[in-house]
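Before anything else, here is the set of structures, which you'll find just below.
What follows is a pair of complexes built around subunit A, which joins subunit B in one and subunit C in the other.
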Partner chain A sequence: MADLVKLTINDRHLEVPAGTLVIEAAKRNGIEIPSFCYYEGLALQAACRMCLVEVEKAPKLMVACTLPVAEGMVVRTETPTVQQARKSMLEFLLSNHPLDCPVCDKGGECELQDMVFRYGAGESRFTEQKVHEDEKQWSPVVFFDMPRCILCFRCVRICGEGMGVNALGVVNRGVLSEIAPNKGDHLECDECGMCIDICPVGALTSGTYRYKTRPWEMEHVGTICTHCSNGCKTTLGVRNDKIIRGNNRDRSGINGEFLCIKGRYAFDFSDHPDRLQTPLVRTGGKLQPASWSQALEVVAKNFQDVKQRGGRFGVIGSNHTTNEENYYLQKFARQVLMTNNIDHHRTGDVLTLLDALSGRNEALATTQDLYQSKAILVVAAELALEHPFLSFQIRANYRHHQAHVYAVTSQPVREDKTATVIVRAAPGAELSAVESLREKLKAEPELIILYGDAIKGDGVRKLVAFGTSLGIPVKYVPLVDYSNSRGAVDMGLMPELLPGYQPSQAFGLTWADMLASEDLGALWVIGANPLKNAELRARNAFMVVQEMFLTDTAQIADVVLPAASAYEKSGTVTNVCGEVQRLKRAIQTMGAKPDLEIIGLIAKEMDAAAVVGPWTSDSVFEEIRKNVRGYDVPVAMIATGGAAQTMPVNGRIAVESRTDLIRSTHDNLFTSGTLGRYSKMLNSVLERRLNYH
Partner chain B sequence: MTFSPELEAKFDKLLKSYPPGRQRAAMVPMLLFAQDEVGSVTRELVDEVAKRVGVQALQVDEVITYYSMLHRKPLGKHHVQICTNISCLLTGGEELWKHACAKLGIGHKEVTPDGRISLEEVECIGACSWAPALQVNYDFHHQVTPEKLDQLLDRLRKLT
Partner chain C sequence: MLYNEPSPLEVRVLSRRFGLPNSASIDTYLATDGYKALRKALEMKPEEIIEEVKTSNLRGRGGAGFSTGMKWSFVPRTSPKPKYIVVNADESEPVTCKDRVLIENDPHQLIEGMLIAALAADAHAGYIYIRGEYRYLIDILDTAIAEAYQHGYLGKNILGTSFSFDAYTHTGAGAYECGEESALLESLEGKRGIPRIRPPFPAVVGAFQCPTVLNNVETYCAAPAIIRDGGAAFAALGVPKAGGTKLTCLTGHVNKPGVYELPLGFSVDKMINEVGGGIRGGKKLKAFIPGGSSCPVLTAAECEGLTMDYDAMAKRKTMLGSGGVVIMDEDTCMVKVALRIMRFYAHESCGWCIPCREGTSWLRKTLVRFHDGMGQRDDIGLIGDLAKNMLGRTFCPLGDAAALPTISIVEKWAAEFEAHLNGRPCPYENVSQLVMA
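Up next is the complex of A and B:
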């Protein structure tokens, strides 16, 4: 604990750690000092001069945002002089700021509007013409309205420091200063939209949201992003059952205000015109629209038939569906269809890691650990493009705590910029290259190792052995692809594993075996597209697909049931670090049903409802908490929107990991499997077609 | 982009003058020296300097648009900078400026058609004690009168 310094703010005696800035000391003690350019976590700017305060014995007003506290300092924040200074500063800002609040996207949640309302003058002495420039479009995501800009440089700093992209800068000077994009007239960047959300005024606006609504007309629903595995909370702005924007300005969730383009803008798949809204049943060789009751009847009848004649079932689950749905699905498969032929697309070797750690649950890192650990080792992974939030955490850690970052990759990665040591190894040779860091890593007090799908099976065991041999506390993050890839393994969507990593009695077929099997009686695919690059050998198998879109797999199905997206249901998902978080339903799409409900309805149709139990997410989650090892997480924490890390294993896992089936699709910032194909925003950005790093 | 060996040597020295990782500090002097050799700060030069100091081109743009002594268009062979800041203004700087504009038929940051002379109205050049003052490239001229300015400009026109 740093030494405490005593100071007085507005006659209140405070004690804060030495080095604290006056503005922070005030904030932590409930005293507001207004500011635009000061932003917690970013470099100091001292540009807006809104935070002027009176400090005793100082000859003039001081900027609280760059003034560290000193012993015996006496600060006053509400004197007539300070109030006058604020009034004058706002008068200056408004001397050029257009008063187009009635049509400005930011109206109603604009920091300048709020400040003028609270501290500003009703009149202006300026009669000069305001500088006008037409708004510019820098990308499908980012629009810039120069006259509205108050030059706080938050956007420049978040892009450079936060994202490590440096796509925004300030050109010219004085009254002519303006924010400029890196490619002259357009941006080439992550298109994350951090700059837009951090803008205190309406200077940067988003292509998705602009001129769509007023902020107070929306409902704000905090849920978990359904794209990559990082598990960022995205707060969806919803109006009339339509998602209008995504952001996380309230900093709830593990990601704070961070979101990438997917979390912020790629919700638009939900109302894509190709979205399935009615069940389809194959009649006369063609998929024809049918009612839910007809479709469910066909499914139930065929499942019964296959079961009665002792046919083989194949069940392929999803990396996107909730834990409840995955648990319920495997229960249905194992207890109703009586089969262990259940699998999903495996995207990273979680299994071997958990086995190698054999119960050392403290060696599983959380996303918060990435921000706090003294040292981080990235092995064979392109974090900035594939795991943007993890990459953001590491950059923040480097900025705030000077963490030592080690990058062992085959290609240049963004972590290089913050790296203590960069090791380039041939693809596949990353693991052996790690050895060269042994002495350096031994000297670190602690370490987190992140590894991509190139490290699997014995590779993971070697990595863990390497970590253990360092003699320091080491934590691991096995990188996986999608929003619930981790949950799919935990819930036992595996032929060899039951929920909670219990070996199944008789190993079933893997998804590859199912597709290759000649005598498969029925194939049931939920939220996956296994036939994108593969063929189904058993041509006569009865095939049911639960999907949002008519994917390659759905096209050849006998029955297609329209599924709800993650934004249309409740439940929980588990992120790459094993943190469980809750989905909250934001919208409803007519015709589509959550997979949990569909599975339940099929069970009911088959008279098996009593076996699988009620299909509400709460009751299934309760069952998961009781039955799945590691998932007895505090309900209150999950229910209030928090994240709880699961502690999945307390011993060895007695099965061989099928490492040949582990393959990440390496979706980058602008792709996201099937969802990405149906997101207009992801498809519209230039970077998607560039070799963007 | 290639530079003369002399300039390359200057760059080497500059880049070594700062601790590792702080090479961007060499950006302004590099741009100034290069500008003298290339004639202006071209797009190509911006990209080259960005690469050498390890920043993005945009960050070099930030610097060149901030500093008025870095020019993106070629100047005349003789760049005449007339100060009209306070001391010079009081002693006739404004008249000198107008006189030069009229005589050469060009204005602020413009170049004569033959490319020999360019004009720039500048803020204080630190020669207040000898106001009004002007600067031709790196040379100062003190206590300038319209007559002296005429002689100077005539001489510059003839100089090769």
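Up next is the complex of A and C:
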């Protein structure tokens, strides 16, 4: 704990740690010192001069954002001089700022607007011609309206410091100074939109949101992004049952304000015209629209038939569906269909890690740990492209805590920029290359190891053995692909494992076995597309697909049931670090139903509702908390939008991991499996990127 | 070359080699006590060098007038980081042209000054940051640096000692702001020329995050004389709190404009009438800028009994500045002067902070309109107001530099602003003007 320094601000006696900036000291004690350029976590600028305050014995007004507190300092933030200074800064700012608030996207949540309301300068003495430049489009995502820009340089900093991309800079000087892409007229970047959201005014606007609505006309629903496994909170702006924007300006959730392009803009698959809105039943060889009751009847009847004649079932679950849906699905499969033939697309070896760690409860890192750990080792993973939030946390840790970063990869990665040591190894040889870091890592006080899907089975055991041999506290993150990839393993969507990593009595078929099986009676696919690159051997199997779109798999199904997306349902998902978070329904798509409800309705149709129990997400989650190891997390924490880490490690797992089935799809920033193919924004960015190179 | 005849009233210390044949060559330099001070400094302890400079009462010649000995003593000599010498040759203050003649006529004096500073600060590399427009000076300096390497005054083991030093020239790209020391360092490091947050000051965290001695050309050029002849001798040339001489760039409506080396504390009246040969056409003095366009402008009455030194100027609420003196006679339109000055600052504002970026541009626009005869009475108050709103609130002194002359002009010559009101043409329209607004 740093030494405390006593000072007074506005005659209030405060004690704050030495080194605190006056602006922070004030903020933490409920005293507002306005500012534009000061932004917690980013480099200091002292450019906007809004935070000028009076400090006793100082000859002139001081800038609170770069002034560290000092013993006995006397600060005043509301004297007439300070108020006059603030007002004059706003007057200067407004001199070249267009007063187009009524059409500006930022109107209503604009920091400049708020400041002018609060600190005056509403009437201008400026009668000269304003500087004008036409609006520019830098990418499908980013538009720039130069006259609105107040040059607080937040965008430049978040792009450089926060994202490690450095796509933005400043050109020209004086009043003609202008934010500009470093590539000249366009951006070649992550298209994350951080610059847009961090903009205090409407200078940077987004391709999806601009001129669509006013902020107060939307409902803001905080839910979890459905794309990658990082589990970022995204606050969706909803108007007339349509998602208009995504952001996380309230810094709620594990990710604070961070979002990548997917969390911020790739919600648009939800109202893609190809979205399925009615059940389809194959009649006369063709998929024909049917009512829900007709479709459910067909499913139930065929399932009963297969069950009665002792046929084989195959159930393939999803990496995107909620824990409740996954749990309910495996329960249905195991207790109603009486089969262990249940699987999903495995994207990382969590199983071996948990087994290798068995008994060590603290060895699983949280996303917050990535921000605080003294040292981080990245093995065989391209974090910036595949796990953008984890990458962001590591950069922030490096910036704020000077963490030591070690990158052992086959290709150059963004972590190189912050790395203490970079090791390049041939693909597949990363694990052995880690050995070269032994001495350096032994000297670290603690370590987090993140590893990609190339490290599996024995590889994971070796890695854990290496970590243990270092003699320091080591935590691990097994990287997986999608929003609930981790939850799917935890919930036992596997033929060899029951929920909570309990071995099943008799191992069922893996998804590869199901597709290859000659005598499969029925195949039930929920939110997955296993036939994209594979064939179904049992051509005559009765096939049910629950999907949002008519995927390769859905096209050959006998019944297709339109499923709700993650933004259209509630439930919980578990992210890559094992943190459970709650989804909140933002919109409804007519005709589509959440998978949980669909499974429940099938159960009801089969007279098995009593076996699987009620299909509300809350009741299923209660069951999960009771039955699934590690999931006994505090409900209140999750219900209020927080994240609770599951701790499933407490013993050996008597099952060997099927490493042959583990394969990440390595979706990058601009792809996201089926969802990505139906996102207009992701596709437009991808198309444009083709032109760069 | 020299641009003006020397005056007999000058005290030529730094300019002693001006006018000698091949004055820039190392042969001329060595024949006239060149590098003697370096030999002496090599025998001295760093503390002794700094003490000598403190004794000389040398104050920074770039404009701020901070004690050079003090500044050198702030450099943490024991720091494990490399230390750097940086020369501010980004001479951009309007009407200031002393560094130019110093480099042009006597580049080795600057190099020797850098070497002395390097010995005091335990530095082993130095950069001369030259404004982009002084392209031809880079050639002169590069030649001088090459000569110094050949003769063993630069490079490894200088004069057979363990002291090594390398000197480099680095060109600016035409930004006034890069004359501000921290912006200069940013530019030197290859970044956009914007000032840094201080503290830390360059003495502790300067070029490439390392301790750095950063002074003006003229300041370094004074070092050889101080070490050679002793700090006390140098101090004796000036006034009690400011030692030595100052190169003064006498410009404006005088008969004999030019760069003159005058001892600190020289009478302004004598400077105008004797050194400068009086005001052109026998006219009366109207306004006086003592040290570059950033200083508050003085009226003729304020110049009475005034001497050219830091404290005397401070008493009249202005600054000695960089030595760029402007004499303006009775035919000068002060609105036009204010406009000309503001044009410069609006053009040169780096755009970093709001009050300077927006304030200079607003003032320029208003002054253009006002001078064109479209002014309103409210504008007079507005001009003063805006300048005061900038004053002391900008990130770096550029905002103050724009505000100070403006405030002084609008307050002291309010009547001239009145005379421009309501569409009347400028009263000085038909008089030949010094300044082109």
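General remarks:
Rule of thumb we're sticking to: the second predicted complex is superposed on the first by the 685 of 693 C-alpha atoms of A that agree within 3 Å, B and C clash if a C-alpha of one lies under 4 Å from a C-alpha of the other, contacts with A are read in each partner's own complex, and residues count from 1 in each chain.
The definition used in the following text is that a contact is a pair of C-beta atoms (placed from the backbone, for glycine too) under 8 Å apart; a residue touches a chain by one contact, two chains touch by 3 or more.
Not measured: the values here are computed from a predicted model.
Overlaying the two complexes via subunit A brings subunit B and subunit C into a clash.
When the shared chain is aligned, subunit C comes close enough to touch A:93, but subunit B does not. The partner of subunit A that touches more of its residues, comparing subunit B with subunit C, is C. Of the two partner chains placed by superposition, only subunit B is touched by A:167; subunit C is not.
After overlaying the two complexes on the shared chain, residue contacts for A:180 are found with subunit B alone; subunit C is out of touch. Once the two complexes are laid over each other on the shared chain, residue contacts for A:47 go to subunit C alone; subunit B is not touched. When the two complexes are overlaid on their common chain A, residue A:252 makes contact with neither subunit B nor subunit C. Among the listed stretches 91-99, 109-117, 235-243 or 307-315 of subunit C, only 91-99 clashes with subunit B once the two complexes are superposed. Residues 169-170, 172-173 of subunit A are contacted both by subunit B in one complex and by subunit C in the other. Residues 55-59, 61-62, 65-66 of subunit B touch subunit A in their complex.
Across the interface of their complex, subunit A is touched by residues 175, 177, 192, 197, 346-355, 357-362, 365-366, 369, 378, 382, 389, 392-395 of subunit C.
By the touch criterion given at the top, residues 166-173, 180-182 of subunit A touch subunit B in their complex.
Within the complex formed with subunit C, the subunit A residues making contact are 44-50, 52, 60-61, 66, 85, 88-89, 91-93, 95-96, 125-126, 128-129, 131, 150-151, 169-170, 172-177.
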